[in-house]
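Pasting the structures in now, so scroll down.
One chain, chain A, appears in both complexes that follow, with chain B as partner in the first and chain C in the second.
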Partner chain A sequence: MTEAVLSAPVVKPAPDRERLAALGFVAPSVLIIAVVFVLPLALLLGVSVLDSKGGPTTAHYVRLLGTPYYLGVIWNSLRLGLLTTLIAFVISYPAAFALARARGPLRSALLATLFLPLAASVIVKAFAWTILLRSDGLINTVLIALGIIEDPIRMIFTQTALIIGAVNIFLPFMVLPIYAVVAQLDGRYAEAAATLGASPAVVFLRVILPLTLPGIIAGVALVFSLSVSAYVVPTLLIGEKYPTLATTIAKAYLLARDPGFGAAAGVVLLAIAVVVVALSTLLSREPK
Partner chain B sequence: MSEAAPHLVISGVSKRYGAATVLERVDLTIRRGELVTLLGPSGCGKTTLLRAIAGLAPPDTGTIALAGRDVTHVPPHRRNVGVVFQNYALFPHLTVAGNVAFGLKVRGTPKAEIDLAVRRALALVKLGHLGGRRISALSGGQQQRVALARAIAVEPDVLLFDEALSALDRKLREEMQVELRRLLQEVKATAIFVTHDQDEALTMSDRVAVMNKGRIEQLAAPRELYARPASLFALNFVGLSTRIAGQVVGAQDGMVEVVTPVGRLSARGAFQPGASVIVATRPEQLRLGADAGANSAAGRVRSVVFQGSRTLVDVDAGAGASLLAELSGREAEVPRVHDEVRFAWPVAETFAFAAEAAP
Partner chain C sequence: MMTRAAIVVCWVLAIGLALFLVLPLAVIAAASFSPTPVFDLPLSGASLRWYGRIGRLDGFWPSLFLSLQIALLSTALSLVAGTLAAIAIARGKLPGATALGTLLVSPLMMPGLVLGIALLQYFRMIGFTATWSALLVAHLVVTLPYVARTMIAGLSRFDFTLIEAARTLGCTYAGSVIRVMVPALAPSFLISGLFSLLASFDNYPVSIFLTDVRSKTLPIRMLQYIEEAPDPTLAALSTLILAGTLVLLLISDRLVGLHRMAGTAD
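And now, the complex of A and B:
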């Protein structure tokens, strides 16, 4: 057997002409990526280090990273991203298993409840939450009608409202990648682990969790980068009280006409997202 | 514990899934160190029985005792069994050594002991040099060996193989059959194989349990199973045979006289006159020419298939009956297609089975 492997013909490296041809084929996509992604990023970076007269400056970054107010803004964004991701994960992980175990019409119905909201605009969904949560909204009206409370509970424009809305809106982006992995998971891994002496808890920790990690990481990366940069959700559900990087960028461009500062905030937001994605890639790497 | 003591005792085990009965009051006793195959077509219940032994599918009724302990309702992780799954179910997130170490790690075995056991198990399956490899970097045959090493490393009371060789190609499978049997005997393992491959069953096992419709039809050593099939099903499932339908006209001392389209035949079997039976014999029992005191039948040769050490001759004996003869390479005379021939075979190697039991 070993001899057969050793005597197998060695694949020859492609000659230079073939390499050139291959390069020719990838050139268009490289060009598109350069124009659509790299160029705007370069512009953003460039603008972030220019002052209003066009001279080089680090003032925008100093202001952003040196002022307690803006550090608070960065923390607000991070907090929104982390809380939303954590809560979405806690809900999504068991949900993905339920979805994968469901059969027939139930599975279709469950998948539809995940997919259909994606068809509605995020603005519509955020407004729907304001209708539900405001003082004369559906929830308060029902609770008062039932005599459970006398005065309306303050829900809209609180952090609770913000997190509830963000979790609801970004939930599919956590459930679906985990579901995709769980649905492919061979039940025999768990059986093999059990016959080898692993209790159900150990099977979960040492087999199920590591094998579903790629889905978890994809979900976490998606939901974190979506919620950390969310603009509509905090604007509609909590407003001025909870400034985030996204709302700060909008203000810098639209109200203050300060593109340099807006760009710097954009770069910081981007850096946060890149760090998260890089960490995810690192974590999902298979053992050698 | 003595070598002959019962090691695995299955008694009255039944299992149903909805309306379908998958196992019907199965009894099976296996001695320590014995290699037993559950052989049968798909849906015969062999895999369900294996899963019941592993604890993955507890039986509805009946008991299973392993190494002197009733394990009927013991969950799989407290049974100390080793299972080699059909597609191996090796953990893709662990290395080869990580897979083999898994069972010992979850048992809380000290690290030094684990390392030693892993090295020993991998050496046993001749994969000592691949401990650091990823599972996806292994060939099918190597994965098979890792699965075996993983199951053996925990020193289980019984090793269970669920169609473990069926994913390998024919040549590798045949090599593995011989090697696996030698290896299991070397470590004195008690093992149960599930397979639908009769060659695998005959090669690997001390005893074979032929299963059909949730029951064990026959439990016998391979040689006995082949030479003395207990039922038409066992006859059909293991080896080739000549089968001719007929009616019993006389019975005496465990022998019957049967009238068939090819003539009057004598066979072993206990039936009342008038019973419909199938008379059968193995192809290597047939010899060219007539022989007084033996069964014989004539016909026209339909096909001759040369298979190296043997030649298979298919004879049309008329009235829908056919004879299958196996002639060894040493025989000088081999008939040709369309030849008129007569074959004879010993009465003692002729069996009668109830016709209605035909599958």
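And now, the complex of A and C:
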């Protein structure tokens, strides 16, 4: 951005006054995040290494990282995050290109279907999936009517239900960042590459993919961090059979009254999120 | 330069995606007209009885008002604070502006449930027990990152010399901000406002640890209804919210275009 091109008649404030104003501008937001986000999380970190009498202990982490059951719980969370992100990406990436080509009412309608689900509570959407996936639900009825299956498939309270629901609920967060980048893609780069003799595969791999990478990184990071820590979706669509870190935390606080262990589980989930943020920041800084 | 087959695949996926996203919403809308208390599809008739029952749900009105208050207030405050911060960060006059931006956006990627338990302990420790204020402050952390993220992205594409140009042409500073910057950033304001409102209004994992028996937000009430006695009243309520949002989207599409709003979502 070129500064001060037309600045001649405008009195420019002194640089340190400008810096002071900028500090004043960020202060409220930084204060909120520091006091209501950073400090509480630091406290959580502290609670996770305290026993019930207030003495230091590593017992919560030993229990969490040393017992096969809880390692399974951590894996369940990661698996939910990975599968949801992978499936959402495979659907969203090509779809974003069609979306970017759409014009007029079709484009408005397609985009509205991305925004509209955000207005229905996660709780209500998860509940809608329990209706759809029941043995006598719509999906089984349709599949039987079409002669694809003879007997209803048991889907509700299975991992299939969990993944279908999670993909459905988090999809918009994958499509939107990718769409934002694809819509700005300058078609002339791809044309230039093709003119210079690149095959469609090469054009895609060397031109289109690198140019859309920021959107991919943003979408993948967002959907993974949302789905790895999802609470309502596993609670309603699969229940006790698939314990995750999120459901373990809620149980430790709301039922077992075991804040130390809950805090440790929270810290593990937080660590996963921090790794995702760090990785996505690092990757998006990579020169294109 | 896409091959014909690739284009077909893209379109099939886009249409499939749209149908997949709308499917549960259609089920909710259909169930809300069910003449019986069970969700049987296809419906054996149509009835509006569940719409009449919404207002009679146990504790519905206080929860609705609480959720609306918290969502509107936290969104308004976040829009002001987040936009100011985004201006400072996008203008790059601050040392470490990028790091500050990452800090402000980071709560978006952090598990809500973890924030919930952390705040529960923190508020207890510092003796901050007023439920309403605790909810508002907590929801600021939910809504502010949406605004910061969208406004930083929007402002980084905004050419600040346009404001100086407007002033050179005789506009006052406030006038040039209102007549140049605000229209250029309208899609960013709309999308971050919409996302913030919905994120707060639908928040479960943070609120669950901060509400008490007397003041429950709407999502917490809704999960309670589902667990106690699921009947189509909840579907009727959701259908009304969906209809309201659809109207908002139609107006936004007319005013600034949904593609411009979606284009700022990176």
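As a convention for this text, the second predicted complex is superposed on the first by the 247 of 288 C-alpha atoms of A that agree within 3 Å, B and C clash if a C-alpha of one lies under 4 Å from a C-alpha of the other, contacts with A are read in each partner's own complex, and residues count from 1 in each chain.
Assume contacts are C-beta pairs under 8 Å (C-beta built on N, C-alpha and C of every residue); 3 or more make two chains touch, one makes a residue touch a chain.
Here the structure is a predicted model, which means the values were calculated and not measured.
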| item | value |
| --- | --- |
| Superposed partners chain B and chain C on chain A - clash or fit | fit |
| Partner chain in contact with A:V202 - chain B first, chain C second, else both or neither | first |
| Partner chain(s) touched by A:L211 [first = chain B, second = chain C, both, neither] | first |
| Chain touching more of chain A, residue-wise (chain B, chain C) | C |
| Contacts of A:V30 with chain B and chain C, given as first, second, both or neither | second |
| Which superposed partner A:T281 touches (first chain B, second chain C, both, neither) | second |
| Partner chain in contact with A:E191 - chain B first, chain C second, else both or neither | both |
| Distance in angstrom between the closest Cα atoms of chain C and chain B, superposition on A | 9 |
| Doubly contacted chain A residues - partners chain C and chain B | 1, 191, 193-194, 200, 203 |
| Of all residues in chain A, those that touch chain C in their complex | 1-10, 15, 18-19, 21-23, 25-26, 28-30, 32-33, 36-37, 39-41, 43-44, 47, 91-92, 94-99, 101-102, 107-125, 127-129, 131-132, 137-138, 141, 168, 171-172, 175-177, 179-181, 183-184, 190-191, 193-194, 200, 203, 214-215, 218, 221-222, 225, 228-229, 231-232, 236, 246, 249-250, 253-254, 259, 262-263, 266-267, 269-270, 273, 276-277, 281 |
| In the complex with chain A, residue positions of chain C that touch it | 1-3, 6-7, 9-11, 13-18, 20-25, 27-28, 31, 39, 41, 80-82, 84-85, 87-89, 91, 93-94, 100, 102-104, 106-115, 117-122, 125, 137-138, 140-141, 144, 148, 159-161, 164-165, 167-168, 194-195, 198, 202, 204-205, 208-209, 218-219, 222-223, 226, 230, 234-235, 238, 241-242, 244-246, 249, 253, 257-259, 261-266 |
| List of chain B residues in touch with chain A within their complex | 54-56, 75-83, 85, 87, 89-95, 98, 102-103, 106-107, 132, 134, 141, 150-151, 154, 172 |
| Touching residues on chain A, where the partner in the complex is chain B | 1, 186, 188-189, 191-200, 202-203, 206-207, 210-211, 213, 286-288 |
